[in-house]
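You will see two complexes here that share chain A, one where it goes with chain B and one where it goes with chain C.
And now, the complex of A and B:
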């Protein structure tokens, strides 16, 4: 036989045979039949095909556990409690689980392969999480590095959320990114505007999602959002809110404040909002917030610049936002109703604010925050 | 057919492949995972076990493919590419079977299997088997011995690295540098065995 033909034939023959063997093994060995997923002690039950990771299988049943990396086990976001026996914790999960989580059965949903019936517990809120098909209706520059991106929701076309919650934007593969990833952003729109979602996105050099939004996303483009997620929200107490934010940390407060005005929500609460920036070029929504302050007597807006430029002609507060906060708590804000802290910004800013607040007698359990990871 | 099923004392071959011709210490094969995984004692154990199992099985399968398919058809020159395909397929199948049969074993061994597909020690052992024209029993014995030898070497290195970690190392030699020096000393130690039996 022609040796030029024989060689390729034999190699492909062997390859085909081995491929067939793999396929057969896969058929026989990886057939786990149907398994039952029980969520929150019988609240929901699904019969699904076994063999796939829990995270993806839940998504196929429209339960969206938050995940930033898309199931590669590199973000540690898809935590859920497993109450049935599913085998030992994998080395790939260990770096993301604390001692307490290991003890109470918390696992990463993307690392659990469904081999038999499983019982899990997830926060009830996840049941209302949906995947939205949307289109970008506008992109506006708020500062040189922060954009306000508005999405018009198409399918489903309405979202229900609590101000302070976040959505995950799905970033499609671009440039060097070869897999879809998701990143979380707080919604700055108010829940009353059911058909749209507004996000404030600051350009982080080298950031996957921020670079995509700033350099690639165009008006009219189709996009996908998953949400709402998150526990950050206004608590129903009469305590005075001390809100502190910097940069795109504005988002949840911009949502909360406009919601409070529109619905007269939490009518007993006074709000003091400290927004820190370096110079006027980092400041945005200034006029809108001052106008809101005039319309809403219980709302007080305190913008503070740490390094105002001479041409800024700044007459407001200067100094680090933490120092301004400290001074205001000590001298200006009535203390009768007690305080609650609400923080959104970089981990450094949040830790500094927690220190200032606890020093001034705000209990740590009354300080709520949304840290940028 | 001009090959023998059985040519050399398998017990001698077994020990020779572990000590005197240790595939890592005398041929320096499988170095990448040897250096990177030996940081951790437990992982070294799992990887060593996985290498041993995969090496033994792939050597047996490759021997059959070589002498019942390639040699009769005069296609030995394709052995390289065929061996690679065989290794990849065997690793795949093994991973699935272990995952199903024993989750505990999968946990200690299975996660290293994909790493092994590209481990040159496996391909190296199979090519030695072909070049030295081992019979079937010899091939399996040689591969099992080589795997055990690799396992032994990585466990030794992991133990040494565990000790080195708690000792002052000059800044420029930290990490890979001191590891390479350690491996050099180990290799010299293994050379001490080499006069006893030769399998080359």
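And now, the complex of A and C:
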């Protein structure tokens, strides 16, 4: 044999042998066989192939635990309570778990590798979460950085949800993104429109999903949604609702208000809706909400601009929405029925509104919110 | 600047799909040490200090939070502070940081940064690679906060 070929052939042979050895070892050492996942003390039980993360394995059995980072362990959303022995908490989980959660066995489903039978507890609402195949039926610019995106549901073609709940959109690989990720958005459509889901999506600098929606998504394109999730909803009491939002935080309230009008839902509730923006170019649905105010006497819309431009010719409320809220609670809104707070926005906005509301006598237990973070 | 083992590991974690889907390097193919050395030189040339810029970025973020997620004017700059779910670890593995995004626009120049960006700038002199959505270009920093 040619001596120049012999060397490379020997090296290739040894490399191939070692690769085979590693593959065989991996199969034996990392073969966890079949494991059983017990959910909520026997309410559901699956026999699955071991070795994969719990989050993905649950999804393969149509149990969709919310996750915003695609299982990277960087969002802390996929919490579930593990009631069987599953090994120590990983350093990757620690930043996301409080002392109480650590004590009661809460873990991140994306960080648990299924090596043996496991018992977990998740909210029962997750049993009704579905994955929807859909097509984008319309995309509309509401402002320079907020789009209204409507999805026509195809399979299944109907969704049941409570106004205030959210879905996760599945973002396919694009650009540097080499695997799909999911991001959560509140639904702005009303539950009566069962064949569609409408979302309000604001462009976030560097945001994976918002960049996808704003720069790449086209009408007619196929898409995938997972939901519904969340416990943000109108409570069935006669207390007056104090709703506060800005930007795409409009979404759950647009759903709630249209549902209340269409179904005469919660007929005893008065609603005061404070919507904050910087200038008129950041404001949207203004005409629609003013029209709704005329049709529904128990609804009061209070848009507020913090820095109106002269050309806005703004005659409405000015100042930060929290200041306007404070003034209205003190001076304008009848107090006889008591108050409930409903908030949708960033943690900073929510904390500021909670401070104003509690200072004005609204009990913290009566303040409900959908925090973006 | 020499590419130490710590730099090599951090560089690896900065690639897309490790800590964030898009990574911290943009389209920049240079070694991490070269990216840092080049930006350190630019800081010196422009008369900026990493500590001073980091302090100013924090101040704009804190003032911008008064806008409650909406844009607000802070001393001639328009600042918008947004939040996302979760935490991000530093590629150098020396802390985790809340996922926020602060956009500051002044005189036609716009910068976008997060708590992690401030930390990497201050502690590691890393402004992110060319083409990264969160790159803090020294020239842009000079125009916005300098």
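The rule is short, and it goes like this: the second predicted complex is superposed on the first by the 371 of 373 C-alpha atoms of A that agree within 3 Å, B and C clash if a C-alpha of one lies under 4 Å from a C-alpha of the other, contacts with A are read in each partner's own complex, and residues count from 1 in each chain.
By our rule, contacts are C-beta pairs under 8 Å (C-beta built on N, C-alpha and C of every residue); 3 or more make two chains touch, one makes a residue touch a chain.
No experiment lies behind these values; they were computed from the predicted model shown.
In the overlay built on the shared chain, the residue A:87 is in contact with chain B alone; chain C does not reach it.
Of the two partner chains, neither chain B nor chain C is touched by A:303. In the superposed model, A:19 lies in contact with chain B only, and not with chain C. For chain A, the partner touching the most residues, choosing from chain B and chain C, is C. Residue contacts after overlaying the shared chain place A:10 against chain B, while chain C stays out of touching range. Across the superposed pair, chain B and chain C touch chain A at no common residue. Residues 16-17, 19-23, 65-73, 81-89, 96, 98-101, 103, 112, 133-134 of chain C are the ones touching chain A in the complex.
On the side of chain A, the complex with chain B involves touching residues 3, 6-7, 10-11, 14-15, 18-19, 21-22, 25-26, 29-30, 87-88, 90-92, 113, 115. Contacts from chain A toward chain C in the complex involve residues 68-70, 72, 74-77, 95-96, 175-179, 181, 184, 204-208, 246-247, 249, 276-278, 282, 306-307, 320-322, 345-349, 352-353, 372-373.
Chain B meets chain A in the complex at residues 65, 69-70, 73-75, 77-78, 81-82, 85-86, 89, 92-93, 96-97, 99-100, 103-104, 107, 111.
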